[in-house]
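Handing you this structure, nothing more for now.
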Amino acid sequence: MSEMSVGSIITNVEFLCAEEAVSKIPNKARMMVGGFGRSGIPEYLLETMIETTEIDGLTIISNNISEGSNLHHLFMLGRIKKAIGTYYTTSKEVVKAYRENRIEIELLPQGTLSEALRLGGSGIPAFYTPTSAGTELAKNKESRMFNGREYVLEESLTAKVALVRAHKADRAGNLIYRKSARNFNPLMAMAADLTIVEVDEIVEMGELDPEQIVTPFIFVDVVVERGREND
Amino acid sequence: MSEMSVGSIITNVEFLCAEEAVSKIPNKARMMVGGFGRSGIPEYLLETMIETTEIDGLTIISNNISEGSNLHHLFMLGRIKKAIGTYYTTSKEVVKAYRENRIEIELLPQGTLSEALRLGGSGIPAFYTPTSAGTELAKNKESRMFNGREYVLEESLTAKVALVRAHKADRAGNLIYRKSARNFNPLMAMAADLTIVEVDEIVEMGELDPEQIVTPFIFVDVVVERGREND
Amino acid sequence: MTDLTVKRYIAWRAAQELQAGVVNLGIGIPTLVADYLSPGLVTLHSENGILGVGPSPVPEDEDPDLINAGKAPVTIQPHSSFFDSSLSFAMMRGGHLDATIIGALQVAANGDIASWAIPGKDVLGVGGAMDLVVGAKRVIVATTHVTPKGEPKILSKCKYPLTAKGRVDTIITEYAVFKIRQSKLYLVEKVEEISFEDLNQITEAPYEIGGNFKTVVREELMHALS
Amino acid sequence: MTDLTVKRYIAWRAAQELQAGVVNLGIGIPTLVADYLSPGLVTLHSENGILGVGPSPVPEDEDPDLINAGKAPVTIQPHSSFFDSSLSFAMMRGGHLDATIIGALQVAANGDIASWAIPGKDVLGVGGAMDLVVGAKRVIVATTHVTPKGEPKILSKCKYPLTAKGRVDTIITEYAVFKIRQSKLYLVEKVEEISFEDLNQITEAPYEIGGNFKTVVREELMHALS
């Protein structure tokens, strides 16, 4: 292999406008959505999806469905069939929909969710965790003793699509995040067949420190710059 | 809580000279040692341990025992009783010692080793991996089908001590690494009761970018600056 | 004593349990603990990926990308780091946190804790509580002694769904401090303002008097506090 | 044909299988593949924690902290990143690598591969081979057709301990290219320099002729290569 200039490197990552990106999401998809609270949610992708597609029947894997977010908007439009996450109590509308059987909810402890995502992206299908052992959440789950302590068998999570919020991408598709907006985003990026990322800014290759890249481009499929009509 | 100046923050991390640091290692300890090839090995800590202690009967968890390293020196002194790792074929002396029953060896696939370390430090005692399923390495291990594919149950790894090589530490004990010397080091830092780290340089708090810290100080017990007699 | 004064006393008393180390504070009374911790000696962990949480910012410095687990804007400190949720819960589950201070609906004499669900109500939120309680080296429950309706919260057995079994180390209320050792409850501190008779009335769980038992005068402590 | 020429031909032919994507190259012949990959279109992964491995440095630029999985000094590229071994193997095991090109001691018609141990000898090294073979989207074996002693390596069943079961997609030797589909071996390319009779003699495994079978002239290809 010979030395090459920056411009001559091309990866499999696509750089698209939001509308093109979300058009790749299949209907009734199982889809991961990053974010904790209102921080690190891919709002621009969700907004574009709401406005430009008719996708519904979604299964959403996300820590919660925050009121005021576009994920909540998507839910209010009746386009979410099932939610897998840790905390839905804060949205009265989600609680109401659950009582009226309009949404199915699968509740996981937050540490189980985060590890299930990371291991889902790592080819590990299941793991034992001490969390929830002996509680109602483990009622229908296998458990097993290791060194005299009880652990619950949890299956890892994968999905067709992940919508991810990052801070910057380089032209290869490498990602860095910003402060506590990182949360579940790098884990979901690893765990989906189609990882679509929204970023504040796209920079040239070489501008991100190789020691500092959090998500190497191998986990990324599509990058969208926020508010950019086309690339 | 009020605003505070840099100097007023104190963590539980100790800053010691190498001799004080290695004096904390118990005899016959189960000990992790970072490094891949000759890169990222805590050579200074190992050298100090060889010269200033009589610790022996060690169980070493390390990818390999590289010829020319102080870990190999420790082995040649007969102070390693058992080795858990992935690749020992490159050292004729290790192979010879194994044949003469002078060392016990437990062989793991490298991906199993790395995940067992990370999960060992994460409170997950066991996990299923596709790696080695149907091979001799899985002969005495449980296996189980998930979605029609066979997976092997592997137990995670923890240890009394980890000797870790990093590039820089700040005065809180946060760590960054250098290039491919990172390898197993951040994983081992998480997985031991006593994590002793050797660094090229200790910097003030605030000098490491909070986005760039690879090992937060919570995983670190002792930091030693290479070649520094005392602190 | 106002509700807030009670809460502040409990928070202050809980803070006295922590000399140094890394702590995760739950929502409610535990959030107030931050105000009373030794500055610079205790580092706060937030499960959404921050080690070294600083105080609340002035409004003009608020950053939507810098919030704590309670979704409130925070700041960072010179030794802070950011990481993903997986590493954050590795810290918790892996036993790396020195302590957590959390609220509870019910605590049992054997260390069981119930803090996330009420029987008969929909259970739609668990968050990070289970990992926190299962993983922290020391679980300190900071709670009012009884519910708003006056029902005991310290019980011989939890009636609500458990968060974790046998993990509570210390219980701190406005009237007392209990330690749990080998699944047994010990009273180690009582405020002079309550009699043993009254304390027994609001404490359903049986307890023994701990070896280092002492009585404190809450009014004096609160005076020093304000 | 010298040994090196044979090896270079195999490496060149293997490189033709890869138009773009991320690839991990094993030790031996696969290492040579790097010389023939489309510049800029294929990114190399190294299991010790590098994505975007560049060419060997000039001696004065060697850095002991920048080596590949074969422990040789390397360089990085403008899109490179460093990470720990756990994330590196997550890439492999999690199915994120487009392909791996590796050597083998034996390959079976059903896609089984044996590459790490010989019966009767001490088994003291496995490294990352098992994770690589189990995880890469496509496993391409690049090997001489027979052992140095002239024994067939493409067998109806592996006799040596397996690295993984049923994972091989393509086999490339100096004489032929085979594809494995639904546990069956198909010959898709043969060099004109060997007759079917001779090929059958050194190929213990039964095979069928693939739909797109073609014959190539190795001498011509090698001429273009040099």
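Going by the order they are written in, the chains are A, B, C and D; count residues from 1 in each one.
In this section, a residue touches a chain if its C-beta (ideal position, glycine included) is under 8 Å from a C-beta of that chain, and two chains touch if they have at least 3 such contacts.
Being a predicted model, the structure only gives us computed values, none of them experimental.
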* Interchain contact steps from subunit A to subunit C (minimum; 1 if touching) -> 1
* Centre to centre, by mean C-alpha position, how many angstrom separate subunit B and subunit D? -> 31
* Asked: Cα centroid separation between subunit C and subunit D, in whole Å?
  -> 57
* Asked: Of all residues in subunit B, which are in touch with two or more distinct other chains?
  -> 115, 118, 122-124, 129-130, 177-179, 211
* To do: Any chance you could list the residues of subunit D touching two or more other chains?
  => 76, 82-83, 86, 89-90, 92-93, 134-135
* Structure fact -> Among line, ring, star, complete and other, the chain touch graph is other
* Asked: Can you list every touching chain pair?
  -> A-B, A-C, A-D, B-C, B-D
* Structure fact -> So, in the complex, the side of subunit C touching subunit B is made of residues 20-22, 34-35, 37, 39-41, 43, 45, 51-52, 54-55, 76-83, 86-87, 89-98, 134-135
* To do: Please give the residue numbers of subunit B that touch subunit C in the complex, ascending.
  => 1-4, 6, 8-12, 118, 121-124, 170-172, 174, 190, 205-206, 210-211, 213, 216-219
* **Of subunit A, residues touching subunit B in the complex** => 115, 119, 122-130, 146-147, 149, 151, 155, 176-179, 209, 211-212
* Asked: Touching subunit C in the complex: which residues of subunit A?
  -> 36-40, 63, 86-90, 94-95, 98-99, 105, 107-115, 117-118, 129-137, 177-187, 214
* Asked: For subunit D, which residues are in contact with subunit B within the complex?
  -> 46-50, 63-69, 71, 76, 82-86, 88-90, 92-93, 117, 122-131, 134-135, 161-165
